[in-house]
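Naming follows writing order (A, B, C, D, E and F), and every chain is counted from residue 1.
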Amino acid sequence: MNVQNIEQYRVGAEPFYRVTAGEDALYEAAYARRMPVMLKGPTGCGKSRFVEYMAWKLGRPLITVACNEDMTASDLVGRYLLDKDGTVWQDGPLTTAARIGAICYLDEVVEARQDTTVVIHPLTDHRRQLPLDKKGELLEAHPDFQLVISYNPGYQSLMKDLKQSTKQRFAALDFDYPEAELEAEIVARETGVDSETAGKLVQVAHRTRNLKGHGLDEGISTRLLVYAGQMIAEGVEPVAACQMTLVTPLTDDPDMRQTLQAAVETFFV
Amino acid sequence: MNVQNIEQYRVGAEPFYRVTAGEDALYEAAYARRMPVMLKGPTGCGKSRFVEYMAWKLGRPLITVACNEDMTASDLVGRYLLDKDGTVWQDGPLTTAARIGAICYLDEVVEARQDTTVVIHPLTDHRRQLPLDKKGELLEAHPDFQLVISYNPGYQSLMKDLKQSTKQRFAALDFDYPEAELEAEIVARETGVDSETAGKLVQVAHRTRNLKGHGLDEGISTRLLVYAGQMIAEGVEPVAACQMTLVTPLTDDPDMRQTLQAAVETFFV
Amino acid sequence: MNVQNIEQYRVGAEPFYRVTAGEDALYEAAYARRMPVMLKGPTGCGKSRFVEYMAWKLGRPLITVACNEDMTASDLVGRYLLDKDGTVWQDGPLTTAARIGAICYLDEVVEARQDTTVVIHPLTDHRRQLPLDKKGELLEAHPDFQLVISYNPGYQSLMKDLKQSTKQRFAALDFDYPEAELEAEIVARETGVDSETAGKLVQVAHRTRNLKGHGLDEGISTRLLVYAGQMIAEGVEPVAACQMTLVTPLTDDPDMRQTLQAAVETFFV
Amino acid sequence: MNVQNIEQYRVGAEPFYRVTAGEDALYEAAYARRMPVMLKGPTGCGKSRFVEYMAWKLGRPLITVACNEDMTASDLVGRYLLDKDGTVWQDGPLTTAARIGAICYLDEVVEARQDTTVVIHPLTDHRRQLPLDKKGELLEAHPDFQLVISYNPGYQSLMKDLKQSTKQRFAALDFDYPEAELEAEIVARETGVDSETAGKLVQVAHRTRNLKGHGLDEGISTRLLVYAGQMIAEGVEPVAACQMTLVTPLTDDPDMRQTLQAAVETFFV
Amino acid sequence: MNVQNIEQYRVGAEPFYRVTAGEDALYEAAYARRMPVMLKGPTGCGKSRFVEYMAWKLGRPLITVACNEDMTASDLVGRYLLDKDGTVWQDGPLTTAARIGAICYLDEVVEARQDTTVVIHPLTDHRRQLPLDKKGELLEAHPDFQLVISYNPGYQSLMKDLKQSTKQRFAALDFDYPEAELEAEIVARETGVDSETAGKLVQVAHRTRNLKGHGLDEGISTRLLVYAGQMIAEGVEPVAACQMTLVTPLTDDPDMRQTLQAAVETFFV
Amino acid sequence: MNVQNIEQYRVGAEPFYRVTAGEDALYEAAYARRMPVMLKGPTGCGKSRFVEYMAWKLGRPLITVACNEDMTASDLVGRYLLDKDGTVWQDGPLTTAARIGAICYLDEVVEARQDTTVVIHPLTDHRRQLPLDKKGELLEAHPDFQLVISYNPGYQSLMKDLKQSTKQRFAALDFDYPEAELEAEIVARETGVDSETAGKLVQVAHRTRNLKGHGLDEGISTRLLVYAGQMIAEGVEPVAACQMTLVTPLTDDPDMRQTLQAAVETFFV
């Protein structure tokens, strides 16, 4: 692993993130002790952005892994590849992070299989080690290494939940969509629409978020509001822009679509 | 990847596509922001043709992947192959598209396993990156790259649906079969039958589309109408042509076959 | 792929096939447009023989693949093999057929996994392409290539059926056992028994075909009648020949065996 | 494949087999037409011995494959192995049999997965071919090749049964335990006990065979009788010999054991 | 396979085993005919020790395989490994035993998958062959080879039981815990405690064995009694020693623990 | 395996562990006989720390393996890797431990698949051998080797439990959270907070441990108390520190969160 490869994990410019409840100070205190941290919250509310922001602020490289149910422990830890001189070990992203002292962010970790979650145990207690069993190496984590995981409690079910022995290895921070004023500011800043339009979009989102669990699995995320703003900024008529970005992606149920459509028209007709 | 390989993904001639509701302008606005787009609609209504048309219009190469439940993330991203000098990395179609700035079209994405859908997440938010974990490379997508997916809401079930965290990464456009006049024009143009015959075929299709959910999983698609027209243009007697292309492929239920047969005979006997 | 290999797929002599309802003309019209064709009908009624006959008549090579639930897309499309100089790509039967312009016959396609059926989609619409994703090649089908599939509607269940998006890519022809006179002629011709014996065998079969769904999954096929005729032609006493070929293979239920035995004895005792 | 390898499949000495109902003549007639044959009957009743006997009588090599649910089509057909010069194709037992003109005996074929059973289809109709898809070879079966399968109807269930399209490719012969006198002769001949002891053992077996389906899955097979005879011939006291070979292997149910024990004591105390 | 490797399978010193009911003579008679033998009995009652003892007495090497549900037929039979000159065949333990004339002991064979159990069929009938299909070799078993399997009837369920066609290939011997006096002698001999203490430990075990099926899956085995004796011999106070070895390992149910604890205290307080 | 590799498994400094009930003496007695030991107890109560402590005290290297349901026997035992000269055997952690005389600690062994648990059987009886079947080697364990496993009885279910034949190979020690005074001392020592704060944190934990089974799967572990203390020592306000480390990680149920929050506020507001 040469320097150039490390550099690709640095967060270049300051990511746009607005602190709302001192979560940066809490995170910094946890990082001071290299305490593993779990970020909880709904889809698209800014968890990934927060980690990027903190990695930037702390000046640490960031390695992000999108977890999924087909991911194996080897995908995280590494494997042998065949080279012209035989097999060569290749570190996985978790091992790389532990070697170079990066923050390793496992996004939506409940999606992963158990072997993926158990593999992080020795990295998240007093040992701070990663046994590379297949390589016969016991890797001591770099002093700056930290592990961060995210998960969406809405997905939590009897079938897919973290084991208690995993949960009790993390301090945890709750996340939610930003407050209306801040969310409008974000939408305006990231799309170029005026603040009035941004405010209307946020109001549409708030109506749908109340429908969560009443026919909608999730409300409209900040990300979709940004999409709507971008379409409007490209000159698309607001109702059509909202339909394409806030209504059609969310549901195929005709009644629910009408409800969403009505919410859009309340503000944009 | 040399130029010749890229050229094979170019859409040569203008595909025949008739815009019906400004969907080309909406798509162009989304592409201007490189926004991921989801196309929703029934089998054979022209979603694939639309993407081809837009790729042609925007002058972008198009890489299409037919998704299926046995497809792995490696099928999309790439894998190591053994060469005489050891292993050589080979980009998968998604990686190729991200490198060369193509439009990548994942057809019937709900069919794929979760690891296939999660792999697109970092390409569909502000990061626009594709981590090639097995290669230790973090690929920044080409500025012209865009991701398009299709899915058929009729298949949507509790077992097979996109995760909310995937859905909320796409703007979406609804598709349906073209209106009668336009569909007849398409059938006539693609088969060589006269417009009266084409019109009759479309009327047969309309009757079956009302049967969707009442004994038929799907109505007769435009594609099957084109097959019927082609058989007639080859000199096959219309009732026999319709039976072979509009009745027998759709169902084995004797009652439903009789209903379809009656619809055919209404117009062709 | 050299010429010698292609030749092995040619149908040497004219296969014995009796046209019953103009199905050859319908097939020829479909082939003229290279339309994908689906053959439907019960076990052993002559679907495979018909494809052979048409391949012979049209002078096209024929590549047959017996589908099964453990078949992967790679079994159809091809895979890399390790050679002394590294990996070498080897076309699968579908790829070979698309390259050399053969008729590719996928027998009992519903048995295959979805990845096998989805892989044929781009070959069965206006694209007529086969993306060899693992090889990074987009194969344009030979102008003479055609795809034919068979399936037995009796097997059709909620668990195992073609997807609508697959079904609507094919024109379809129904097949059934030949009419009595023709079937007797076939049995006599293929076994050497006299036409009276052949006629009796067909009558036994007809009785069992009425039992389909009433304790028998399928009636006696033409193939089993040929077996019976062959045993008789070898000098085996007809009742023993029928028991070995028409009764014992079909069922282990004592009552049903008695019923079948009685049908045999009606004609041969 | 050199001659030496073929010789290992020859049946050296005449296997001990007593024809009971002309099954040898029926088999010979079927073999004359190279008709595929299915042998049906309970565990250990002599099906495998019969095939050996016929292979010896017809002077054909015999290749036996014990099927199981983890067997793949490649286990039958063959696979590529890595050699110092790259990959080398190695025929599986079915391919070897088709090449050298052996009788291929697939024992307990219902245990196998579907891909194993479908792979035999083209070998069991007029084609008599075996497509080695992975090798790109279409193997024409040797003129002397014949396929024989066995299965035990007692195992037949909705979950595990041959498909009709497989069943209807075989003529079938029923097998059962030999009649009492013959079975006693077999036991005496194979163990060295006197005919009175052999007769008593057979009578014990007959009592248990009536219990099949009434607490016993199967009755005592001829094989176990031979074991009992061998133990007695080794000087073990008959009741202890019977307990070890006829009672303890069959069941762990205390009542059923007592019943079996009583049957033993009726004849040997 | 050189001599040194064979030697590692020899049983060096006479294993400590006390014959209780002539099982050694029965085994010797079975071995004289090379009859496959099945050992039935609960956990830790001495089945493995008995096989070792018989192997020592008969002067045969012993190869033991602990079966499990993830074991494949290749784990028993052998596989190709890659060497610098290409692939090299490596015999599995069953093949090794068949070649060198060892006793092969498959421990807890019901745990294995069906392919593992079917693979032993040709070795357990008159053929005494092991087809190494992947190697194209038909191995004739060494004249001294014998197969022994064990299984615990307590585990027997509808889901996991030997097939009748497997069961009926074995003579069988029942095993149980030794009688009290003998068991105490064993405990004293293997631990160094006096015979009074050993006797008390056996009495504790007897009480728990009556609880089998009434809250305990199995009673205390002889092995655990030996553990208890060893702890006492190391100077641990008997009640604490019994708790650690006879109570805590067996159950986590508080009531059952109290019952076991009371049994311990009856004899040791 | 050279000396340097062994050294990495040595426990460097004395781990902080407080003996509570003579468990060190019991363990030493068991180790004197090399008896396999099972540690039972809830998440984060100090089982792993105890093994480290004993390994340090006994001067033995320690190899820890975090078990999981995707772990195979090969992950424990070893496998062949491809080198430039062909395949090279690589010991797994269990084999390494058996060779060098380490204590091998299998953490949460019930999570593993059966093949992983069965593989330890020959190492845990009088044989003390590990058959490396794939290598054809029968490894005699080093005289100092010992096996230790842990499991959490709270996870015990019908689906996931150790087999009796595995359980009865181990002596067992129960573990629980330390008593209040000792736990406070641990928290103070590992975080730097004063003993009053540490005492309050322990009291919060005690309240939650009574909720186990009444809405909480597990109570607050000692590890989480240490996290809370660390956050407070970093200057975070105690209520916020407790929320982040004792409340949010444990549950997403609003009522349960309020209960936990109330417990925190009882002591810290």
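Methods note: contacts are C-beta pairs under 8 Å (C-beta built on N, C-alpha and C of every residue); 3 or more make two chains touch, one makes a residue touch a chain.
No experiment lies behind these values; they were computed from the predicted model shown.
Asker: Could you tell me the least number of steps, going only between chains that touch, from chain B to chain F?
Answerer: Tracing touching chains, the least step count from chain B to chain F comes to 2.
Asker: What is the chain whose Cα centre is as far as it gets from that of chain E?
Answerer: It is B.
Asker: Hey, how far is the Cα centre of chain A from the one of chain F, in Å?
Answerer: So the centroids are 30 Å from each other.
Asker: Please report how many Å separate the Cα centroid of chain D from that of chain F, as a whole number.
Answerer: Spacing between the chain centres: roughly 52 Å.
Asker: Using CA atom averages as chain centres, what separation in Å is found between chain B and chain E?
Answerer: Chain centroid spacing, chain B to chain E, equals 60 Å.
Asker: Mind pulling the residue numbers of chain F that touch at least two other chains?
Answerer: In chain F, 82, 85 touch at least two other chains.
Asker: Can I get the ring sequence of chains, opening with chain D and turning toward chain E?
Answerer: D, E, F, A, B, C
Asker: Okay, in this complex, where on chain D does chain C touch?
Answerer: Going through chain D, the ones touching chain C are 22, 25-26, 29-30, 32-33, 35, 38, 40, 72-73, 80, 82, 84-87, 113-115, 117-119, 121-122, 125-126, 131, 133-134, 136, 138, 153, 156, 164-165, 167-174.
Asker: What does chain D use to touch chain E in their complex?
Answerer: Residues 5, 8-9, 43-44, 48-49, 64-71, 75, 79, 81-85, 90-93, 96, 107-108, 111, 152, 154, 217-218, 220-221, 223-224, 227, 230-231, 234-236, 240-241, 244-245, 248-250, 252 of chain D touch chain E in their complex.
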